[in-house]
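Before any comments, here is the structure.
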Amino acid sequence: MTEIDTGNTAWVLASAALVLFMTPGLAFFYSGMVRSKHVLGMLMQNFFSMGLVSVLWVLVGFSLAFGDGGGWIGNFDFAGLKDLATIENLPGYTGDFALTIPVLAFVAYQMMFAVITPALITGATADRLKFAGYTAFLALWLVLVYSPVAHWVFSPNGWLFKRGALDFAGGTVVHINAGIAALVLVLVIGKRRGWPREAMPPHSLPLTLLGTGILWFGWFGFNAGSALGANGLAAQAFINTHMAAAAAMLGWLVVERIKGGHATTLGAASGAVAGLVAITPCAGFVGGIAPLAIGAIAGVVCFLAIQLKFKLGYDDSLDVIAVHLVGGIVGSLLLGLFSDKAVNSLGADGIFFGGSELMIDQLVAVGATVLFSGVVSFIIAKLVDVTIGLRVTPEQETEGLDLSQHAEVAYQLGGVPR
Amino acid sequence: MKLITAIVKPFKLDDVKAALQEAGIEGMTASEVQGFGRQRGHTEVYRGAEYTVDFVPKVRVEVVTNDADVARLVEVIVNSAHTDKIGDGKIWVTDVESFTRIRTGEQGADAL
Amino acid sequence: MKLITAIVKPFKLDDVKAALQEAGIEGMTASEVQGFGRQRGHTEVYRGAEYTVDFVPKVRVEVVTNDADVARLVEVIVNSAHTDKIGDGKIWVTDVESFTRIRTGEQGADAL
Amino acid sequence: MKLITAIVKPFKLDDVKAALQEAGIEGMTASEVQGFGRQRGHTEVYRGAEYTVDFVPKVRVEVVTNDADVARLVEVIVNSAHTDKIGDGKIWVTDVESFTRIRTGEQGADAL
Amino acid sequence: MTEIDTGNTAWVLASAALVLFMTPGLAFFYSGMVRSKHVLGMLMQNFFSMGLVSVLWVLVGFSLAFGDGGGWIGNFDFAGLKDLATIENLPGYTGDFALTIPVLAFVAYQMMFAVITPALITGATADRLKFAGYTAFLALWLVLVYSPVAHWVFSPNGWLFKRGALDFAGGTVVHINAGIAALVLVLVIGKRRGWPREAMPPHSLPLTLLGTGILWFGWFGFNAGSALGANGLAAQAFINTHMAAAAAMLGWLVVERIKGGHATTLGAASGAVAGLVAITPCAGFVGGIAPLAIGAIAGVVCFLAIQLKFKLGYDDSLDVIAVHLVGGIVGSLLLGLFSDKAVNSLGADGIFFGGSELMIDQLVAVGATVLFSGVVSFIIAKLVDVTIGLRVTPEQETEGLDLSQHAEVAYQLGGVPR
Amino acid sequence: MTEIDTGNTAWVLASAALVLFMTPGLAFFYSGMVRSKHVLGMLMQNFFSMGLVSVLWVLVGFSLAFGDGGGWIGNFDFAGLKDLATIENLPGYTGDFALTIPVLAFVAYQMMFAVITPALITGATADRLKFAGYTAFLALWLVLVYSPVAHWVFSPNGWLFKRGALDFAGGTVVHINAGIAALVLVLVIGKRRGWPREAMPPHSLPLTLLGTGILWFGWFGFNAGSALGANGLAAQAFINTHMAAAAAMLGWLVVERIKGGHATTLGAASGAVAGLVAITPCAGFVGGIAPLAIGAIAGVVCFLAIQLKFKLGYDDSLDVIAVHLVGGIVGSLLLGLFSDKAVNSLGADGIFFGGSELMIDQLVAVGATVLFSGVVSFIIAKLVDVTIGLRVTPEQETEGLDLSQHAEVAYQLGGVPR
């Protein structure tokens, strides 16, 4: 076994904490955008994932994702964390991939990814998702969709990993995976009452900006932590992440300004997130100023992609599809162009560096994720919808999720005592 | 002239406004109020403690208009605001002795 | 007695209050309202989607006073609240049949 | 019919509501207002700079009722709202020419 | 002297920053739950502890807690940080306990614990505590209660430490200690005007959720940082912390749903915190899925414990007693069952692993802390109450702490310009 | 080349993330203090710096600041991050200054300083700055003012560095630099309409307190991270930072209480920030309880300095001059007194330790920064003002920056649906 390195461990533990912090960050990012009667519903759906998904991850999720079990899925060897405190290394994590950190640190780090991924979906279904149905969907989706896809891509034994598809920190596993599930879900539950006729403006952009700040901060753990060590690769992934977020903010704002006449605060926030999404698969494989290009492209494309929902008529409340599905695909495919073996010897060369196979592998990875997650998410959604129900009643929707689902009110700023 | 005051359900304000514009009204004033009446409020729970809230959010719409239009406008509001569910609200009319446009000092109907 | 109700621009409230005090008024009640009228609202943009907002924030000022002072006070408000720009607001006067100070139960002018 | 408008201290609203229900009132409308009067406001300090705030938060309670009940209800409000401290508020009564229940279109007392 | 390890130092410094961040987190968690006229009073009481306690800690607190001075209390050798920049190791920190980080890093890390502990108390006394009196109580309590108890339990020379009582990150020193002081304080100052008749709902649950997110995030520094290194033990403590928070959230929500019909956002937040409290003493001593059990039990028990205040008639405004006193006791005693020497050789075996003494030691530690802190806190409270006064006047309470104590208003969201 | 140390790298990466997080923190700190119609304008000016400055830094800023180019300014060798992923060490970073972390980690870390420095300025010009003009000012200022000054002071080749002037983490480069630019800017654009006649109270102190918490938290990365390693010096800088913030909070509150009768929440926040500013240049050069003295002095002086704007009649909306310019100068000069070679052998002895030259060097550094930044900032401001314009129209100012500049509204808490 390779020695445990305290510096690498310190960075991965710090990164795990940062990634955990992203889920509250996401909760604020999303809940700031909904109307004031749906705020707690949104916050709850995100925070609840920190509870339910974490428990499921420990019990079976991790084992299914990283257990020894061929290319398609892990096994139950590690169910309930069995052996993980003492095991020397995980299946497939040998040679170049040998961990230099405690296995439990890796388990905890990966857990935070599992927590936030399904939470990403909730932005699309905002203002109408029934809490009881959501909890069921969440549990099933984590086990039946997230764990297998994580195995395919992240585990050195996964078929996509073996095939050579690259995903440094979760472009496919996290963003495309959640993005396609979001699309399926909005098709199953339908539009919000009044959409797109009624205006549904954000109730608190400062809250959304808070979420943006936390997400940007946490994303360093998400991407640079994926180096699983405190080394040159981590530094590269760190600066790449920041560059892409910055360039994407500018890209988004420029188009927005040109098309709408204003550079908006929500645009700056959305652009940054789009860039962070796109750089996620690339963070440890690209160098130089490629991240600026990737970010700028993502900022522009994701902004334009928002129009799709109006054109095609699906109600993606907070544009999860435009930002995470589209942004994830943009990043995964641009990696096929910008990937540079000089940056990471365990990577591959993209088209710009004379490598031709990588793009194929990326296309396969994207296609496989979209197909698998799309189909299974649809089955789960339908199943839950016909049994528990995935959508609140019209009265509950009008009253708001906060009161109807949680018997709470988000703000009571005085005025008339009630 | 008369002042028509209507208490309506918040989500009905848009329809009421549209209907009043339809009916030729060029201005109105809306404000947030809390209503108490037959329509029961709701219950909130915080750490196991239940609170009953009797007040229901409503919107007050005020329109000053000529005597001649009052009856018609009241009907317009009734038609645009009602949902046939308890809590649709009330409309009351009071007499206005003088009406002035601040910008010009115009009085009465001219100020409308 | 009479109730003077004025709808004014929020940033004018201070001037109106000062002017009314000048004019000897010892009390008034102000509240937040949303106005709709000739003055057009504004447009907001969220992720490329434009929303037009017709309502403009205003403040309602209510003053109960003796019949004798009404005309004068209306003028005071007009002078202190107008900016000569569309949206300065309105003033209307209604009759008050009884006025009571809760603290003392005093009635009418004594309650002022 | 008449409209009773009362400006009371916010923390007294509960008592006033209870007392009015006691007195047989089935509905009322409350709203947030800022009062100016004898009761002085407060001072705030931000980075050494002092601001005096003249307005005091109050609640406006509006009740439309039959002419016969006005006197009694005003008394009910006085008794339930007063604390004998400056700032207890005012009550004024104005005449209502028509009163309608939006849900049913009922008029007058039936609409109560 | 053992070498300073940069990895361990990096993790402890990061952890110290995380623990400092918890106090603002606590401030938001608490202030979101109070009514809008008391928000700043609550925020101020917490932030002020970052000021006053830090200064006192440097001047005398640390020295009294970790100075060389027998089992009961330290001494003044380190007053004003004397020698701490150059000293090789702290008294008792030898052999297995030898520090591999700069002593000043340890001093800073411990300082953050001292800052947040008294801040925890302020949730119980919300909406009625006089600021001047609070400052006096804070100073006296830090020196006379916190420092000695920290010495007993954390210092290898402390009598409880020597006796074998286990407290990985502060179940007794922080939570039980603050919790019992909270109980004493609410008994001394009495109920809020109108409690329990009047409804006193939270003014901003998003603010409370923000606090929850920050607390959860910071708690990794609190618990995993207590390993004082970036190693397997830290990883174990890290994942245990997360598991307990997650399980407690679920536990709380399930009972809440059963008893009240709704799973609330405030319940999710409260449950998570209850789990974090309970796992605090256990974090580095338990393994496997024990943390799930500890968390779930804490979530259920703490929820039920809230009823006590209604039954017994004391006004614990934000349930500090139910969450921190009860939660701390639950954790400390469950450690007597679940502790496993296989996880931490410096620990002991609990009853489930054939160890019988530990439970006795835990009971002694809990009892001693409750007794000492209870008595001394009471004396301090009475003393301050009769001199400076601990409670605001009825007029000030009605006006709100924000205006009466600090001449400020929390929110001015427009409407009528004042 | 010196070996890369994983522990040092872990700490610097964590620190870089912490410093990045400070800019959103600053955005909340500032935006809580403005009126509700200007909130987004303030948030946007800060977040936008994370976008534009980051891109410029990568393209030219870093190269101008740390490229090889004599004492006055760097060069373009590193433009677009050229060679930085592979280069062994940066010009001047040899011997005692040799980096033990990946160069890209240093680039990323320094980038976060470049992002927040111009953002600090925006507090002074609050409520009236035209967004288009701001973006131009931001770009020019970063390249023409920040990069050179950073070279002078931070680069071992810089003339002030060589001269012996000390600035551990940016007292001159960050705070004095931004502070004097703020003064120049407010003189150029003039007062807010209605100032000082009208009251312009903070719209949300909880938001400001959130910013304070984040700033304090992030400042550990700012100051302790500047040790560029996880070692005793970092620990010293860490605890010094905290001590100064705490003492400054107390200092500010005491004077405030004496002069105004109340200890305010905003005062606690402002005092803490003043202390953090003052300790920034000193963090790694002073020891013992000197930080308490430095903090306390800064807290008192900065509070008093606020009166200047009323006396002299310039409108520094959020007191950037009193806190950052004055606080930065206080810190830089107090370092001339308290600096202690025993704490940091690479430092120098201040007057209290028998060293006389240091104070001269500090005075020169302060003077040079004030002069250079003042003059160039003025030229840039005038240039932008006459071309694009730096100030909004009176109508836009009355309507608010949120609607006029960004076509957004910060809060929509229901009430009358619009």
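Going in written order, the chains are labelled A, B, C, D, E and F, and every chain counts its residues from 1.
Methods note: contacts are C-beta pairs under 8 Å (C-beta built on N, C-alpha and C of every residue); 3 or more make two chains touch, one makes a residue touch a chain.
Here the structure is a predicted model, which is why all the values come from computation and not from measurement.
**Student:** Suppose you hop from subunit A to any chain it touches, then on again the same way; how many hops at least until you reach subunit E?
**Tutor:** 1
**Student:** Give me the set of chains touching subunit E intersected with the set touching subunit F.
**Tutor:** Of all the chains present, those in contact with both subunit E and subunit F are A, B, C, D.
**Student:** Report same or different for the subunit C and subunit D interface, where same means the shared residue numbers exceed half of all residue numbers found there.
**Tutor:** different
**Student:** Between A-D and A-B, flag the pair that has more C-beta pairs in contact.
**Tutor:** Of A-D and A-B, more C-beta pairs in contact link A-B.
**Student:** Among D-F, A-B or A-D, find the interface that matches C-E: by residue number, over half of the contact pairs should be common to both.
**Tutor:** A-D
**Student:** What is the distance in Å between the mean C-alpha positions of subunit B and subunit C?
**Tutor:** Spacing between the chain centres: roughly 18 Å.
**Student:** From the mean C-alpha coordinate of subunit B to that of subunit E, what's the distance rounded to whole Å?
**Tutor:** Roughly 51 Å, centre to centre.
**Student:** Please report how many Å separate the Cα centroid of subunit A from that of subunit F, as a whole number.
**Tutor:** Chain centroid spacing, subunit A to subunit F, equals 33 Å.
**Student:** Hey, how far is the Cα centre of subunit D from the one of subunit E, in Å?
**Tutor:** About 46 Å, centre to centre.
**Student:** What are the residues of subunit D that contact at least two other chains?
**Tutor:** In subunit D, residues 11, 14, 30-32, 34, 44-46, 54-55, 94-95 touch at least two other chains, as defined above.
**Student:** Among the residues of subunit F, pick out those that touch two or more other chains and give their numbers.
**Tutor:** 5-8, 10-11, 14, 199, 201-202, 204, 210, 214, 230, 260-262, 264, 266, 407-409, 411, 413-414, 416, 418 - these are the residues of subunit F that touch more than one other chain.
**Student:** So how do the chains connect up here, line, ring, star, complete, or something else (other)?
**Tutor:** Topology of the interface graph: complete, with all chain pairs in contact.
**Student:** Where on subunit F is subunit E touching in the complex?
**Tutor:** Listed in rising order, the residues of subunit F that touch subunit E are 5-8, 10-11, 14, 18, 35-37, 199, 201-206, 209-210, 212-214, 216-217, 220-221, 224, 229-232, 234-236, 238-239, 242-243, 245-247, 249-250, 253, 260-266, 268-269, 271-272, 287-289, 292, 343, 411, 413.
**Student:** Touching subunit C in the complex: which residues of subunit A?
**Tutor:** Going by the criterion above, the answer is residues 196, 199, 201-202, 256, 259-262, 264, 266-267, 270, 303, 306-307, 319.
**Student:** Which subunit E residues qualify as touching subunit D in the complex?
**Tutor:** Against subunit D, the touching part of subunit E is residues 198, 398-399, 403, 407-409, 416, 418.
**Student:** Would you mind writing out the residues of subunit D in touch with subunit A in their complex?
**Tutor:** 10-11, 13-14, 30-32, 57, 59
**Student:** What residues of subunit B sit close enough to touch subunit D in their complex?
**Tutor:** These residues of subunit B touch subunit D: 2, 6-8, 31-38, 54-55, 58, 60, 70, 74, 77-78, 81-95.
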